[in-house]
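So, here come the structures, one by one.
Consider the two complexes below, in which subunit A is the common component and subunit B and subunit C are the respective partners.
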Partner chain A sequence: MLKKLGQASLGKLALAIFKIFVIWLLAVFVLGLLMEALPGDVASNKVGKQGSEAVAALRKEMGLDRPFLDRFFFWLGNFFKGDLGKTLLTKKDVGVIIKTPLISSLSITTIVFLGLVFVSIPLSIYCAYYKNALSRLISRMAVLLSSVPEFVLTILAIMLLCMELRLLPVLSIPGPGKTVWENPVSMLMPSLSLWTICTAAMFRYLRVMIETYVNTSYVREAFLAGLNKNKILFIHLLPSALPGIAQILASTIPYLLAGSMVVETLTAYPGMGYTLIQAVQSRETPVVIAIGSFLIAITILCYYLADFLGKKNKNEGGIL
Partner chain B sequence: MKNKSMLSLLLAFVLLFGISLPVVNTEEAIQSSPIKIGAMFSPDDTLDPVTVTSPGGMFLMMSLYDSLVSMHPDGAILRMAESIEANGTLDAYTITLKEGLVYSDGVEATGQDIIDSLRYVSTSPNYQSMYGNIDFEKSTAEENKATLALKEPTSDFIESVLAMWSPVAPGGEFKGIGAGGFVLEKGDPQTGYVLVANEKYYAGKPSIPQVTILNIPDSFSKAQALQTGEIDYAWGLDASAVQMLLKNEGIELPSGSLDGAIAMDLILNTRVEPFNDPEVRRAAKMTVDREKMVAVLLGNYGEVANDMLGKGFSTYPEDIEQTKANKEEAKKIFQEKGVTEFTIVASDIVPGMVNAAKMMAQEFAEVEVNVVIEELDPQTFFAQMGDLFQKSAFTFYWMNRTPMAEFRSQVLKASFYNVSGYTSDVIEENFKKAINTSDKAEQAKYVYAISKDIHDNGGELIWGYQKDITAHRKGLKTELNQTVPWLATATFVPEQ
Partner chain C sequence: MTRKSKFWISFFAFIAVVSFISPIFITFFDKPFTSQSMAFSSGGPFNLGYDYIGRPILPQLMLGGRDLMLASLLTAILTRFLGIMVGIYLAGKKKFGKFLRFFLDVLLVVPATVVSLATYNAFSGSVYAVIPISTILSLPFTSRYYESNVRSLFTLPFYEFAILREKYEIKVIIQEIIPIISKTILTDMSSSFIGAIYMISSVTFISSQTDSSSFLWPKMVSENLSGFSLNPWASLAPLLAIVLLSAPLSFFVDSMEIDRL
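Take a look at the complex of A and B:
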C-alpha cells in the first residue's frame, strides 16, 4: 500500500517536473522568437552605417544567417551540456558575463524576500486585522509610497540616506573584481529601495485580502463564538490566506531578479536587470536567452510552489 | 619629386621636434593620489579594442595600450612613436618607437608589433575606414621600426589615421598587456577595474599610482558620487548633473573641448526630393536659428556649428561665413520651389536629437513648411540606413575630428558614411590634391575649397557641437585625447 502511494507520488512529481520543463522550454523558445522579431541585430548595430553588404557579411560571420530553429536547438544542446555559449560580438563566455549579476541579484532577492516574509507580510496583516492609529498611519504611508514612481523613490532614498545623512554610500558597487558578499554594504541601498517598493506595492493587495477573509462567515462565526482574536488569526484565518500570500510573494521574484533595472542603474548595483536591458539593447541574444531561461525557471518554480501550497491547503480543509 | 622630398623632410622635422610628448619625471615632481573614475561599461566589454563599445571600455583600452600618436587641436602629438617619417611620394610612413620602449611585462616592443597590431585593429568595421588604406602585405619591420606601405598617397595619414588611435600590443594580441601608462590589476565590466601605474612607462612612471574605474551608468549617480567623494572624476555627465555640481566649490567643471565633441546634424538627403535641389538645401540652412537651438538644447556645453565638421582644429577654415537664420529669404525660396512639407526621421542615437527635430519643426513652421516627425528607435537606427536613404531628412551625429579625417568618411564618392549622398567634382579633385601634398599652406587651400563646397551646397545642416561634460575634484590636471582623459601624464593632488 505504502509502496503504491510512494509510486503514485513519484509519478505525480515526475509529471510535475515534465510539465515545468515543457513550459520552460516553450517560454524560452518564445523569448528567442521575440528577440528574433526585434528590428535589427548585433550585426546591423555594429556595421549598419556601412550598408547591407557589410551587415550580411558580419551576420554570416556570427552565424546569424542560419535559420532560427537551427540556432535555437544548437543553443539548447549546449545549454544541457552546461555551456551557455558566447556573446555574438565580443565572443565572451556568457557564463562569465552573467556570473556577477546572478550572484548580485540572487543575493538581494534573498534579502528582500526575507524582509517581505518577516516584516512586510506581518505588517500588512497587522494593519488589516487590527484597526488602530498605528495601522492607519502605516496604511497611509504605504499608499503614499506606492503612488511614488520607482525612480523618484530611489532618488529620494539616495538623497536622504546617502547625501544628507551620509549613512550609506551612493554607489552600491562592491569594488572591482569583488562579489557583493565581499562588501555587503553594497547590498544595503538596493535592498532597502527594492524592499520599500515591493512592500508598498503588495501592502494594499494583502490588506484587502486579509480584510476579505476577516469578513468571511467562518471568521465572523469564530468571533461570535468568543474565540480569542489572535487564535482566530493564526489558526483560522492565516492558513486559508496562505496560498494567496504565496501567489503575491511569488509574483515579486521575477521583478526582484531582473525587473529592478531602475534601482540597479541609480545605485550602480551590478545586477541582472541592467545586464538584461543592455543585452536586449545590443541584441545579444545568447545573453538574453541565458538570463531569460534562468528567470523563467525560477518564476515557474515559484508559481508551482505557490499553487502547491494552495492545493495542500485545500486538501487539508482550507476555506476558499 | 625633389620638392616633395623636401616637404616630407620638413614634415618629419615638425613631428620630431615640433610637437613631441614632454617626458615627465613624476617621481620628483608631484606625488599624486590614487584616483577613482566613474564611467559606463557594457557587460560584454573585453580587453580587445576591436570589440569595445562603451566609454569606460575605451578609457581602459587607452590606459593599457596607449597610442603611437594622439590628437590635439594644434596637431598630432607623438606618444609611443619617437618619430614618423613619410617618404617622398607620401605612400609609406616609417614609424620608429621610442628607444627601449617595453610593455608592462618587460618585453621590448618591436616594429613588427606595430604592423601586427594595426593589421588586427583594421579587421574591425569601425576602424576599417581608418586603416583600410594600409597595405599590410607590403609593410615591413626591422627592430623597433615599421614602415607602413599605403595603397594610395596620404599626406594626412598621421593626423587623420594614426592620431585617432593607434594602439600596440605584443604580436598584435590585445589581451591586457600593453605599453600604456597603467597595468590592469583586477576587475570586470560589471564591477569596474583597478589599474596601477606602469613602472616601465616610456614617459616615466605615471604620477597617479592607481586608477579605479567604476561602472556607473547613470549621470545622476555619477554626480552624486562625485559630491560625496566616492569618485574623483565623473565622465559622461548630462546637463542636469552640471546644475547640481555647479554649487559645489570643491568640484571643477572643465569647459569641454571641441576635439571629439558630438556634431549635431540634420541630414538633408540629396538623393530624393525636396533636398535634391541645392536651393532648397540652402533655404533649409537659412531657416534654422542655430544660436537659439544651441542655447536651448545644449546650453553651456554647446557651440554653434556652420554645416562643416572639424571646428576647433587648426586646419578648420574659420573664415567661411557663418550661416545665419534668414527666414524671409528661406520662405521665398520654399514658396518658389513649391516646398510645403517634408519628413524628418528623428532618433535619439545621441540624447536630444528628437527634441532637436521638434524644435526645427517649429522653425520650419515659421517659413510655412510643415515638418512631419517620424521617431525611430535608436537601437534600430543604423539597421535601417537603407530605408533612411529614401527619406527626405533624418537626424545624425558625427564625432568632431580634423577636416581631412572627416572628408574621408563624409563626402567622397567612396566614403563609408556619405549619408547625405552629396559629393562633387570640386570635393573629389581638391581632396586628391590635398592628400598628395605635405605642404600645409597648400593643403589648407584645398581644405578650404572642400569645406566651402560642403558649406554652400552640401546636404548637411550641422547646427551645433555638444562638448563632452566631465567634472572632477579640484587638484586634477590632465589633458584629453578625443574626450578621453590621458591619466598617464596627469597629476592629482586633491584639495582638502
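Take a look at the complex of A and C:
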C-alpha cells in the first residue's frame, strides 16, 4: 500500500516536472517569437541609415537572416549544454554578461524577501487585526503608497532620503571592479524602494484575507467565548491563514525579479533589470531571451509553489 | 456605494475630464518662446518653469495626460472584455477549454513588462502600440478571475431554467449572468485601469524612445529629472499629475473592498 502511494506520488511529481518544463519551453518560445515579430532589429538599429543593403549584409553576418525556428532550436540546444550564446553586436558571452547582474538582483530580492517575511507581514497582520489609531494610519499610508506607480515612489524616496536628508547615496553603484557585497550600501536604496512597493501592494491582500478570517464563525465564537485577543490570533486565526499568506508571498517573488527594472534604472543599480532594459533597447535578443528564460523559470516555480500552498488552504484557486 | 466611494469616483472623474479636455485650452496661451538657454529656468506660465530644452512646462502638462489616460482606458476595457468572454467560456467547460487554459498558463509566465517595453521601443514610442500586447498578456489573469466568479452561477437553478427557456446561450449570459457580476466588473475595471496606468507609465518612463509628436507625463518626469535641483517643477508637476490620476481611483477600489467585507 505504501509502495503504491510512493509510486503514485513519484508519478505525480514526474508529471508536474514535465508540465513545468513544457510550459517553460513554450513561454520562452512565445517570448522569442514576440521579440522576433517586432519591427526592426539590432542590424536596422545600427546601420539603418546606411540603407537596406547594409542592413541585409549585417543581418547575414549576425545570422539573423536564418529562420526564427532554426535560430530558436540552435539556442535551445546550446542552452542545455550551458552555453547562452553570444551578443549580436559585440560577440561577448551572454553568460558572462548576465552573471554579475543576476547575483546583484538575487541579492536584493533575498533582502527584500526577508524584509517582507519579518516586517511587512507582521505589520499587515497587526493593522488588519488590531483596529487602533496607529493601524488606521499605517493602513491609509499603505493605500496611498500602493496608489502610485513604482517609479513615482522610488523618485520620491530618492528625493527624501538621498537629496534632502542625505542618508543614502543617490546612485547605487558599488564602484569600479566591485561587487554589490563589497559595497553593501549600494543595495540599500533599491532594497528599500522595492520593499516599500511590495509591502504596499501586499498589505491590501493581507488585510482582506485577515478580515475575512476574523469574520469566520469559529473566530467569532472564540471572541464570544471571551478568549484573549492575542491568543485567538496566534492559536486560531494565523494557522488557518498561513497557507494563504505563503501563497501571496510566493506570488511576490516573480514581481521582485521582473518588476525591479524601474527601481534599478532609477538608482543605477547594476542588476538584471537594468541589463534587461539595455538589451531590450539595443534589441540584443540573445540577452533578452537568456534573462527572460530565467525569469520565466522562477515565475513558474513560484506559481506552482503558490498553487501547492493554495490547495492546502483549500480556499484559493490555483494559478497554474 | 458609500459616500466615501462616491467621493473618490467623482474626484477621479473630475481629474479624468480635466486631463481629457485641457489640450483644447492650449490655444489660449500665447505661442511660447522656446530656447535652449531657458533650459530648467524658473518662471513661465503659472511659475512652473521650463524643461530640459527650454520649453514651458504648463502646456506640456496640459497635453501629457490625454494619451496616457486613453491608452490605459482602452487597455482596461479590452482586457476586461476579453477576460469576461474567455472566463465565461472556460467556466462553461466547453470543448477545447483545457487547451485554452494551458495556452493561457503559458502566457501567464511570459514577462509582460519586457515585451511591452520592447513593443513601445519598436513602434517609436507610441503608447497605443502597447495595448494589444498588454491585453493578450493580461488575459490569463482576467480570464481566471471571471472564470472563478462565474463558475458557481452556472450550476444554479435559475441559469438552468433560463437555458431551457432561451434559444441562445449568449442571450442568457447577457441577461442573467452579467447583471449579477456587474459590481465585480466595475471594481475590477477600476483596478485594471490603475494597473494599465502603472504599466504604461513605467514603460514610457524607462524607455529611451521618444515620440516627439506627443507629450506624456512619465516621459516628462524622466527627461527632466536631471534638472531637479534647478527647476523641480519640471519633474514634480507631471509626477503629481500621475498621482492625482491614479490615487483617487485606488482609494475608490479600496473603499469598495472595505464595503464588500
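Here is the rule we go by: the second predicted complex is superposed on the first by the 299 of 320 C-alpha atoms of A that agree within 3 Å, B and C clash if a C-alpha of one lies under 4 Å from a C-alpha of the other, contacts with A are read in each partner's own complex, and residues count from 1 in each chain.
Just so we're on the same page, a contact is a pair of C-beta atoms (placed from the backbone, for glycine too) under 8 Å apart; a residue touches a chain by one contact, two chains touch by 3 or more.
In this text the structure is predicted, and so the values were computed from the model without any measurement.
> Looking at the combined model built on subunit A, do subunit B and subunit C fit side by side or clash?
clash
> Give one of first, second, both or neither to describe whether A:Tyr303 is in contact with subunit B, with subunit C, with both, or with none.
A:Tyr303 sits against subunit C, while subunit B stays out of touch.
> Please indicate which partner A:Cys162 is in contact with in the superposed arrangement: first for subunit B, second for subunit C, both, or neither.
The answer is first: A:Cys162 touches subunit B but not subunit C.
> Given the touch rule stated above, what does A:Pro174 touch, subunit B (first), subunit C (second), both, or neither?
First partner only.
> Where does A:Thr267 make contact in the superposed view: on subunit B (first), on subunit C (second), on both, or on neither?
The first partner, subunit B, only.
> A:Gly259 contacts which: subunit B (first), subunit C (second), both, neither?
Once the two structures are laid over each other on A, A:Gly259 reaches subunit C alone.
> So, does A:Pro39 touch the first partner subunit B, the second partner subunit C, both, or neither?
In the superposition, A:Pro39 touches subunit B and subunit C alike.
> Touch check for A:Gly292: first (subunit B), second (subunit C), both, or neither?
A:Gly292: touches subunit C, not subunit B.
> Looking at A:Ser147 after the superposition, I want to know if it touches subunit B, subunit C, both of them or none. Which is it: first, second, both, neither?
The second partner, subunit C, only.
> Can A:Gln281 be said to touch subunit B (first), subunit C (second), both, or neither?
A:Gln281 sits against subunit B and subunit C alike.
> Considering only the contact definition stated at the top, list the common interface residues of subunit A for subunit B and subunit C.
In subunit A, residues 38-40, 155, 163, 265, 281, 283 are touched by subunit B and also by subunit C.
> Taking the touch rule as given, give the residues of subunit B at its contact with subunit A in the complex, in rising order.
Touch residues, subunit B against subunit A: 38, 42-46, 48, 51, 53, 125-126, 128, 186-188, 190-194, 212-218, 220-221, 224-225, 227-228, 230-231, 377, 379-386, 416-417, 419.
> For the complex, give me every residue of subunit C touching subunit A.
105-111, 113-115, 117-119, 121-123, 133, 144, 148, 194, 197-198, 201-202, 205-209, 218, 221, 225, 228-229, 235, 239, 242-243, 246-247, 249-251, 254, 257, 261
> Show which residues of subunit A lie in contact with subunit B when the two form their complex.
For this pair, the touching residues of subunit A are 38-41, 44-52, 54-55, 58, 87, 89-92, 97, 100-101, 104, 155, 158, 162-163, 166, 169-171, 173-178, 265-268, 270, 274-275, 278-279, 281-284, 287.
> Going by the contact rule set out above, which residues of subunit A touch subunit C in the complex?
For subunit A paired with subunit C, touching residues are 23-24, 26-27, 30-31, 34-35, 38-40, 143-144, 146-152, 155-156, 159, 163, 204, 208, 211-212, 215, 254, 258-259, 261-262, 265, 276-277, 280-281, 283, 288, 292, 295-296, 299-300, 303, 317, 319-320.
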